[in-house]
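Working notes for the structure below.
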Amino acid sequence: MSLSVARRTVTTPILLGLLLVAFALLALVVGSKPFNQTIIDIFLKVIFVVGLWVFIGNSGVISFGHTAFACLGGYIAAWTTIKPMLKGTAMPGLPDWLMGMEIPFWASAVLAAGWAALWALIFGAVLMRLSGIAASIATFAMLAMVNSIYSNWESVTAATSSVVGIPIVRSIWPYLIAALIAVFAAWAYGISRHGLALRAARDEPTAAAASGIDIPRARLIAFVISGAIMGMGGALYAHSIGIVTPDTFYLGLAFITLSMLVVGGMGSLSGAVLGVLILSSLIQILRWLEAGIEIGTTTFALPGGVQEIALGAVMILILMFRPAGIMGNRDLSLPRGAASDSQGQTGPKT
Amino acid sequence: MGSLLQVIFDAAALGSLYALAALGIALIFGVMRLVNFAHGDVIAFSVFALLWPSVDAVAVVFAGNLPWFLLIPFVLAIGAGLSVLSEIVVFRRFRRANPATMMIASFALGFVIRYFLLMLFSSRPKSISLLPALSQPVEIMGARIPLLQLITITVTIAVLLGLIAFLRRTRFGLEMRAAAENFTMARMLGVRANRVIMGAFALSGALAAAIALILGSQTGTANIMMGANVMLMAFIATVIGGMGSLAGAVLAGFLLGAVATVMQVILPPDARAFRDAFVYGAVILVLIFRPQGLLSARGTKERV
Amino acid sequence: MSLLALSNVSVRYGRLTAVRNVSFSMAEGEILFITGPNGAGKSSLLRAIAGVTPPAGGRIDFEGHDITGRSPEDIARLGVSMVPEGRDVFGGLTIEENLMVGTGMHARERGWKARAATELEAVYATFPILKDRRHTQAGLLSGGQQQMLVIGRALMTHPRLVAIDEPSLGLAPNITDQVYERLIALQAERKLTLLIVEQSSTRAMMAGGRMMLMRGGEILLDGDARALGQSEAMQAAYFGYGEH
Amino acid sequence: MKRLIAALAATTCLTAPALADDEKIVVGFATAETGFMQAYDKPAQDAAMIRIAEINAAGGLLGKQIEVVNADTKTDRAEGAKAGLSVIDAGADMVVVSCDYDFGSPAALAAESAGLPSFFLCAESIKAGIQGVGPNSFSASVLAAVQGATMAEWAYTKKEARTFYRLLDTWTEYNKGICDGFDWMLPRLADATLAGEDTFLNEDASIAAQITRIKALPEEPDAIMLCTMMPGAVSAIKQIRAAGINSMILNGSGVDGSYWLSAVPDLSNFFVPVQGSIYGDDPNPEVTAFNAKYKEATGGDPSTQYVYPGYVMIDVWAKAVERAGTVETSAVVAELEKMTGEPTLFGPRTFTSEIHHQNQARYLIVETNAGKPGVVDEWTISEAIPVADLMK
């Protein structure tokens, strides 16, 4: 069964992947450093939002806490890639073996994924019994706890101060590859036995429990995988700007990623990816307008601060007209695939 | 002895703030299952309404110069008005949406309000002298307590009593309680949905404004982010109190204030910075052992 | 003139059609039982009448007013009182508060307070147990008492039509007997129009009146409860014999 | 398509096209034009623009006019990195970054990796320089630790304060820096004691519990070292005074300004170290003249002393460029590192190859008495705080 499901649905990650590659090529063609950085930023958001989707989309439980895993990942990058000498002054409390460690950025991303997954397992074992709003608030409490600890553990995290010296990676390809890995991993999880079971539990909790699905366990698996993706994203985020601080990975990031997921449509992987691409593009366009666009000889510019107001208003409007998000519950697929698959895929409920 | 009394007062004053905010959130959650993330921004807006828009560092006071008996109703009306407006313009269209969509919409609305304030006033916190007479200390049984703290506690108790009387003794209150428990059933008994929801928003907004007054006179600052922290604590209080249970929200609000205050007192200096981590840890524990909340509202089924 | 008239009413949830082109009417003072197996669309039909789930097609008239797509509160205010399945009491409110919720709709009329008080006494007279426990939280009542409460609550609104979904669900037979006894007595006393949904036809046969059988979202049979209950056609229709 | 690419290339707000033009010198401002930091970056940037205008009016730098390019960081770290790259792309010879170390460092790191010198507008952490960003990074302000140390030594010497209470807001590095300087100084003051210490968070709605702890002391401390910043500072000060504690309150420069004093009517016994006075009573009349110039340029008086570092920054950098005869990074940095007690409008400035920051500086002491702030003294700490102590 899983092979046929894989064949039937693989067009979705492939199409999404091609879209991401197109963005990377655009950056290449434009060739401007700031634009390159903009695309890197978009890829990082894709990683975060896809990571969120693995848990939220499949379980239906809103989590405010996932940026905690990005935080854990970001500090792994700090702990393992900064030159030992710098580390000694900024974070003198690190154990010797960690102090001496200096690994390439991709290894730190892998390690970050593992470390975040480990903590997702520990937190998840406790939290996954909860449902609904209690689970949401508990994940928020988890985030606040992690944030409070990282903001104050002077000797190991340098507290609220920015940790610098993380090697900056300005090439776009590692971020593209990581985003592709996230998309394909999320897809593979979605069609796996565990993913199907979790979605069944989301839609029909009573029936799923009756048919022997252990819901907390199914959620835990999703939590760990999404934690790993967030951890990887956190480490790469650190490498993209060269610094980490705890408040980078706090409510601001939590809300913007959650908004992208919901606006895109948390019911489908395509919704997660498109939510990022659409909102990021919108933000970028609004920034151009704010900076001023020359029309003929006059410059037309929005007053500063309008960008955020417009973004909020557009988000409200999108949700007003498409409460299930832009994609509803549909996934991107080729027209033929969509026809053969029409039974299982319902249109957006409005 | 005096210092123990002082700790009790400190805890009660902080708890009062959280309880008032939690009540505002629970009221709206009760009638429409909306977790309103714009609440904190309504708090900030209510304070900024006292000032003229200006990006200078010095605050240009506008309504803030009113005598107290005009100033207080003015601020309450601003909070209630903004809250009702947000219902009419935004939330009314989300009645049938799922909680996640509503929540993100409320967050987006808060974002709009916040950046609107930012554009008008810049991010620099503005100083205001709000009800300055309240900054004097008073002596009670050996404890010197800021008058404001005393007033905060008194006001909270008065608001709570007033709200209880309103909910128990008036027809509108009865309809609101019924709607909070089972909205559809209440409508089938002829309870007008829009009126009840607008009533809840108005009350919630007025509560936000009350917090704005207290925070404003306590801190002497109008700051765009001033509502955020109180709001987060209030959410937690609402959930661990039992979503939809007004009494639970109040109880949990006081409890959170007490826990935070006591932690500050008993933790050794090195651990004090981690106070919030302990508080949030306690929150997780409460949720694990009582996921339905301390006082779960009977018959409140969550629509998820 | 009929009190309630449905023509070609359909109810859909997404792609699922729960009620398909149903038409019927009820005269004032009539008792109508709707029976049928689980999933027949009975509750959906009641929800459509009450305005909770607006019909996807067709038209509903009450006393000559088109109430299709009107809000539940408007329909309630016209005199349709709904007692949904599962005894939705307001658990945190006291019995008396539960009873009073629905009286608010008359608050604009003169003398409503006095009338509400009379009404309350009348409900207490019918269900004395409610009076004894009037200040108890409704959530603490037994199933039978809750059933009495929701019926009493519906009566408090001064309805023309009371629609009750499965009054016997989850009740012991002797309690059900009590509930029905009161219902029928009330109907006679107040000239109420009663629309009762029950899964089994037994109650309808015992109580008498008109009965309709629903299955698969459609009305299959309509006639006198006692006569219909005994017929072969009823059995066949209920269980769906001879359809394949 | 070409137009689209051109539009994309101008992805962040550039006010000047990218040109490698030898006829002018370009200063790139990667600072916040919107968001939270805007209120802090803009005044210092305005002051920097005044100095640039003065230099240009006097014939420019090395005979060339100084041009300015801007990019908005939107008070966001990721945007900060982009803004840094933008101004570098636009040909900046020197990159000015956001006032705060946390928000400025992404752009400063971008400058560092492009081999360009960078200046933080007014960061007061040792990391805003060699120790954090790299060998080409500088800050125009004075270390937060110097402020804490200045207040402690001055209060001890001039006000005979002996018992101190340390109240730290753990919100930012700046706050901790003030208290670190205080901690460094305290043991150097004979018979001065720490009566107690506590922490709070800037956004705490109430610091009642912390105040209760102070009041539980057998005796009110002579001075409270309050290591915090806006907006929490006003709240803390107000609550301390409302609780009836009248000890002298010592602060960092972050609470300078009279704009907030209305919130705490008749505040007294309150002391702030400043680099220059915005109150029109600076001992150096040129500062008052600058204030007038600032008002002319921006339409308002300086609201805090954080305007001044922007002016100092361009001043010292321009001198270094003039002396080096080039804008080439290593030559400019070498000239900057030769500066010892270099006179500026706001006190002497020193940079070394070890530290690109002021670990000892002359401060004016502003006392607020009955709600009126005014300069009462000036003080330079008796010894510079060693780099090793700053890095702990």
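Per-chain residue numbering starts at 1, and chain names A, B, C and D are given in the order in which the chains are listed.
Everything below uses one rule, namely that a residue touches a chain if its C-beta (ideal position, glycine included) is under 8 Å from a C-beta of that chain, and two chains touch if they have at least 3 such contacts.
Just so we're clear, the structure is a prediction, and the values are computed from it rather than from any experiment.
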{"item": "Mutual neighbours - chains that touch chain A and chain D alike", "value": "B"}
{"item": "Chains in simultaneous contact with chain A and chain C", "value": "B"}
{"item": "Most remote chain, CA-based centroid, reference being chain C", "value": "D"}
{"item": "Chain nearest the global centroid, as defined over all protein CA atoms shown", "value": "B"}
{"item": "Between the pairs B-C and B-D, the one where more C-beta pairs touch", "value": "B-D"}
{"item": "Length of the line joining the C-alpha centres of chain B and chain C, rounded to whole Å", "value": "41"}
{"item": "Gap in Å, rounded to a whole number, between the CA centres of chain D and chain B", "value": "36"}
{"item": "Distance from chain B to chain A - Cα centre to Cα centre, in angstrom", "value": "31"}
{"item": "Euclidean distance of C-alpha centroids - chain C vs chain D, Å", "value": "74"}
{"item": "Where chain C touches two or more other chains at once, by residue number", "value": "none"}
{"item": "Where chain D touches two or more other chains at once, by residue number", "value": "34, 38, 170"}
{"item": "Chain B residues counted as touching two or more neighbouring chains", "value": "118, 228, 273, 276"}
{"item": "Residue ranges of chain D in contact with chain A within the complex", "value": "5, 7-14, 33-34, 38, 71-72, 74, 77-78, 80-83, 85-86, 88-89, 101-102, 105-106, 109-110, 113, 125, 127, 131-133, 170-173, 176, 391"}
{"item": "In the complex with chain D, residue positions of chain B that touch it", "value": "3, 6-7, 9-11, 13-14, 17, 55-59, 118, 122-129, 132, 135-137, 144-149, 215, 218-221, 223, 225-226, 228-230, 260-261, 264-265, 269, 272-273, 276"}
{"item": "Residue ranges of chain A touching chain B (in the complex, touch as defined)", "value": "60, 62, 126-127, 129-134, 137-138, 140-142, 144-145, 148-149, 152, 251, 255, 258-259, 262-263, 266, 303-306, 308-309, 311-313, 315-316, 319-320, 323-325"}
{"item": "Residues on chain D engaged by chain B in the complex (per definition of touch)", "value": "34-40, 75, 170, 197-199, 201, 203-206, 208-210, 212-213, 215-216, 230-232, 234-235, 238-239, 241-244, 257-265, 300, 303-304"}
{"item": "Residues of chain C defined as touching chain B within the complex", "value": "50, 52, 71-73, 76-77, 81-82, 84, 88-93, 97-98, 100-102, 104-105, 107, 137, 139, 153, 157"}
